[in-house]
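These are the structures in question, set out in turn.
In what follows, chain A forms one complex with chain B and a second complex with chain C.
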Partner chain A sequence: MDPRWCSQFLPQNRECTDPRIERKVDRTPTPAGDGRGNSTSTMIIRNTGVRHGRRALAAPVVRTLLRPISMLPKSALTSATTATATADDVNTKDAELRDALSAAMSYKRKREEADQLKAELAKIPQNFNQFVHIQKHTKGLGSTVKSRYEAGVHLRDPPADATLEMLLAAQAHMGANTSLWNPANARYIYGVRDGIHIISLESTAAHLRRAARVVEEVAYGGGLVLFVGTREGQKQAVVKAAQLAEGCHLFQRWVPGTITNRDMILRAQSLRVVDMLDRDVEGADELLGELRPVKPDLVVCMNPMENYVLLDECGQASVPTIGVVDTDADPTWVTYQIPANDDSLRTTELIAAVLGRAGERGQKRRRADASQGICTWEESDGVRHYRIKKLDEQRKAMEEKMAREDGEVKEEVIHPGDLREQLGRQAIGEAAY
Partner chain B sequence: MVRKLRAARVIQATTELLVSRDHVKGRPPPGIPAWYQAVRTIPPAEVLTRPYPAQHRPLNPHQKKPRNLYRPTELVYPEDELRQDFYRDHPWELARPMMVLELDGEDARHRDWSRGLEQPGMRLSGESVVQRQLWLMENAEMSKEGAYDQARKEFYLLRQREEIEQRIAVEEARIVGAYFGKSLLRVGMELEDKAYEKWKAWAAAEIQKAKVAAAQSELAANTLPDASGEADGEAAP
Partner chain C sequence: MIRPRLRIPRAPRLGGLAKPCTTPSPFAAAAPSLFRPRSIHTVPPLDFDDGKVPGNWLLSSDGYTLSWTNWQGFLLHKLNALTIGTEFEYKDLKSVLLETARDPEFAHIFNYASAAHNNHFFFKHLAPTNVAIPSGLQTQLETSFGSVETLRREMVNTAAAMFGPGFVWLVLSKPAAGFATFKVLPTYLAGSPYPGAHWRRQPNDLSTAVGPTEAGLGTARQYLEDTAYGQGRASAAAARRKEIAPGGIDLFPVLCLSVWEHAYLADYGVGEKLAFAERWWNFVDWEKVQDEATTGDAALRTKA
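Presenting the complex of A and B:
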């Protein structure tokens, strides 16, 4: 190993502790002698100029040398001034002159620095163009490293379908410990490995696709889908799915009674009345005041084990539910089961993504049909009730008016209200009436 | 335990409600909900039944009374035995860290064990040896032991190469000024030193205690009781 390498590359202020490297740079002061005990006093150098600085014994400054002095760095100047104070043949006049000069030169220096900065700023466009040129020519060099997975990829770009490989990578097959299983879930289990049940990914994929079709059809039929994920870390997945399906989300605690006692709990929430092209209906203020808070038409729950109350309310209110059922969960709590790992956030994100995309497809189809004049849904109970009530009132008012004005002649006049009522009856069906 | 099947019977309950003529007085009967058509055309999947599970081990034909027929069976693979053998012989290979994060689940498509132990996107480990051994057993018609020996030797060569590369890299780094933390041996030595110092302090305290006890017993043995007899607290009769 060449010691010259060491002294060349090691920073001077760092001590090299590696004993293998020999440092030839010796910092100890040389003794006054030839090292053999012979004093060589005549060889002692007492020249302060050598030990303290180059300019200690420099010649006094002459006015004609003003310009060269201005080029000196500040450190040299100050060392020169301090050195002159200690030297014997110092010229005090020169010292004063130098002090005055340094004050004047500081302004000049600042101006020069400002000019320098300006010049640097002016170079920016040229530098940038050069940078762009280099980037363009070096872009294709080197290898392209393709990333096969990035965290949160399902949130940024939700996939429309989940393959078996994707489900495996998302750890959807990992069920709970075998001792904690619910035997009702035996049909979804592929086998036992490492003390846990392994969920059959084929059943997961099949059930997930079925659930996706349900979400799509409910969205197509103008239904409101509620995505629920109350565990820590499920917020983003659930919100994203709700955004895609134009539904609602819940990532905090479900307030008991939000469906069965919605007249109380949701009374402060605002409502909208829209037509088939999703435009707000005008003149519906009275109606909005009378409408009950809305029930979801479908509830998708990512952690049914922690949301028993929600699912029970849905059962009471006849709201269909979709739930991610792990091997320790109860499959009868939900209408549509998706057997998968509920502990993995990656699985949650994947499932929410697929269901969100399905909702998005349904909404798109609904709007496409609406633009063609096909309304895929029927008016809700509250709106229908209000409409019938108004028609009844209208008809009664008409009859009273008729009775007052012309009580004898009773013609079979078909009033517009009656006609609309008849049409309404036909639309819904006699059975419902 | 009575199972609650309300969730599964949502469509039936709603149909009954729609068809029946009983409804809240003063209100028209309820209309068809937005989800009705969807759930009617896409019925929920079968639930609560327990089909015969997939058998991952060949059944024992001699067993006359098989037990737990409907219990899921243990998943076994031929690699399990090979892994057990390998890690029993090379326990320190378990100390090497392993990444358990799955990428896209398509790892198997990038593997070709005919080419050797080094596979793209996979770190050299005991798993490489096991897979290579299995490939040799199945495709090169080698015995388990023969395949193990060959795979093992390929593995040793690659590990040796890795070690040499690491050693040279450390030297090169030191030349240009890098410095490293304590080596494992250094850490071990320091722990031993600490334990030794602790013991030394304890031993010194024990010696001191023993000395004091010895001095006391010596004093008790060599000093006579007082002539008056009051030194040891006994009252003179």
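Presenting the complex of A and C:
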């Protein structure tokens, strides 16, 4: 509040009695109504506060007055100030002017700084575009960076064979802790390091290649290969291998009895009867109703340690098995062991890829031979029994028919084998052979 | 059990049969090989990847094999060996060189990264035949140097005057205030022109630039001040030289000439650096230089 403004509203010589207010009383009498009588301005301001309440002083100042007020130094509000030039006030007035000038200069400097900052900010899009331009031309210079391993590379492009380097990179050599080993696996172990057994990768590679030959020949012979991997993360590897080998996959729990009790457990599953060119055989509906559910011709297990029931059933049903055997696993549970790390998913993917490719090769050879007229497999027991049964029924029907015709019994020497063959061909069709 | 034998791919033994330096070295990643160690950084492809360089070119086939295939392969092989297992393992090469420029502890990584980057920069800006300077670029060069012939002499003579390996760069300098201009900048050994790697710009051969003269002492003082500033000692002069505003770009390279000996040794012979530099001028890809030498704004000074 401008002290010159408020002085006209207050009686002069009024003392301030509030002890909280610092007193600086000037009792020099001055003419009343003099708007410029400032020698009592200090008292007036404080009386104003006492008389009109703190709200008068605390009321928000009109905005238009702020600028001129802020230009004045703080001393102008609290000490006795005069606009009239008196001898005592010359020095203070110079100081005030200097202060006001410096305040104005600092204001100007701040404006300049703000403008400079704006100019710098305006340069940012330019600088950024320039940066992008430079990076585009220089960032990739010097080398082509290739990542060494991408997860799932063996799933996208399954290799047909695994070299020792690939097996090492897949950590296939890392066996289990030495205290957990099965001494029956001693023949596969290269040594000990860091408390684990190290599997000899040469034996891994040799066993893997043998297992691949088994899978290939089973597929060539028209066999059904079941790929099993029930651990978390093995699903994709197992499914991919089954796709390549045109077999079956299992990545969830093996239901006990799926082989030994398959007549019950698999009774709802559908069957197909196909010829050597993989075409469905005509007129086999009755046959389908009579056949038992199939069992796999080969089981490939990625984690035999968790699938004892499956492998035991395979043993009971004479189904050969291939298993990835770690140093703590029992090698006698499977027919063909592949000594390798069963904890590494990268190893699982690699081994599944190699075996899947082997199955794919076998299927391709089988089809190639079939197109040449060579059937690489023999009909299954169920189909053979059905065929013989049907032949016998037809033979009986023929005999009865002949007996009903003219009384003369024609003595014709018919060999049972020839008749069976002829009737068999007519009943089932030539292609089935 | 078969006793397995450890198979490690080994480098050829020293003192063995002398083979010509132009056959692909074991480090060259040009042809895939079963026994090549698996690298992260691999030699990037160039236009002459089959090794058949154009006839009557700056380098012959042998020279190209030596100074690109073998040399770049060696640099990247060493870089891989130094960075595998460190924080720089999966970073691209330019990021590696910018991050290792300041700390002397990583000086060896910087050396190989920067040398590989500079070598590729040199080869990238070579054309199979003579390319004429586009008129826009010619105007800009004439503004900066007076004439293109002056620029040529500047670069070639700088190259001839440098003792030992290094590179001679044509850079576009963009000061904070004023116009952008072209400048010639030599960097010794594996020095880098990028502002982000200014600690290792190496524009002076300290063995010859530093001496008892005023200029020599100034160079030495500057170098020591900058080094001390890098290690934390306050220095206003060094701060002015070294500090760049965040996102600020004060210069970037657009062309370079390699004066490493192996670049010219096979085809030009010992001591024929000047002949090599003069012949290099005929095979600069000026179209590429023009593409890269833009500033994004119109602040590139041209002859009005």
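The criterion applied here is as follows: the second predicted complex is superposed on the first by the 264 of 433 C-alpha atoms of A that agree within 3 Å, B and C clash if a C-alpha of one lies under 4 Å from a C-alpha of the other, contacts with A are read in each partner's own complex, and residues count from 1 in each chain.
The working rule: a contact is a pair of C-beta atoms (placed from the backbone, for glycine too) under 8 Å apart; a residue touches a chain by one contact, two chains touch by 3 or more.
Because the structure is a prediction, the values reported are computed rather than measured.
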{"item": "Chain B versus chain C as contact partner of A:E217, first or second or both or neither", "value": "first"}
{"item": "Chain B versus chain C as contact partner of A:Y107, first or second or both or neither", "value": "neither"}
{"item": "Which superposed partner A:Q316 touches (first chain B, second chain C, both, neither)", "value": "first"}
{"item": "Partner chain in contact with A:H385 - chain B first, chain C second, else both or neither", "value": "first"}
{"item": "Partner chain(s) touched by A:R148 [first = chain B, second = chain C, both, neither]", "value": "both"}
{"item": "First (chain B), second (chain C), both or neither touched by A:R187", "value": "both"}
{"item": "In the superposition, chain B vs chain C on chain A residues touched", "value": "B"}
{"item": "Chain B versus chain C as contact partner of A:H133, first or second or both or neither", "value": "second"}
{"item": "First (chain B), second (chain C), both or neither touched by A:L298", "value": "first"}
{"item": "Residues on chain A lying within both footprints (that of chain B and that of chain C)", "value": "148, 163-164, 169, 187, 190"}
{"item": "Parts of chain A lying in touch with chain B, wherever the complex brings them together", "value": "1, 5-6, 9-11, 14, 17-18, 148-149, 163-171, 183-184, 186-187, 189-193, 197-198, 206-207, 210, 213-214, 217-218, 220-224, 297-298, 311-312, 314-316, 318-321, 331-337, 377-381, 384-385, 388, 428, 431-433"}
{"item": "Complex contact set, residues of chain A against chain C", "value": "120, 124, 126-131, 133-134, 137-148, 163-164, 169, 187-188, 190, 200-203"}
{"item": "In the complex with chain A, residue positions of chain C that touch it", "value": "1-2, 4, 7, 34, 38-45, 76, 79, 90, 92-94, 97, 113, 116-117, 119-121, 124, 174, 194, 245, 247-249, 252-253, 291-292, 294-297"}
{"item": "Touching residues on chain B, where the partner in the complex is chain A", "value": "3-8, 10-11, 13-14, 17-19, 27-39, 41-42, 44-51, 53-54, 56, 70-75, 101-106, 121, 174-177, 179"}
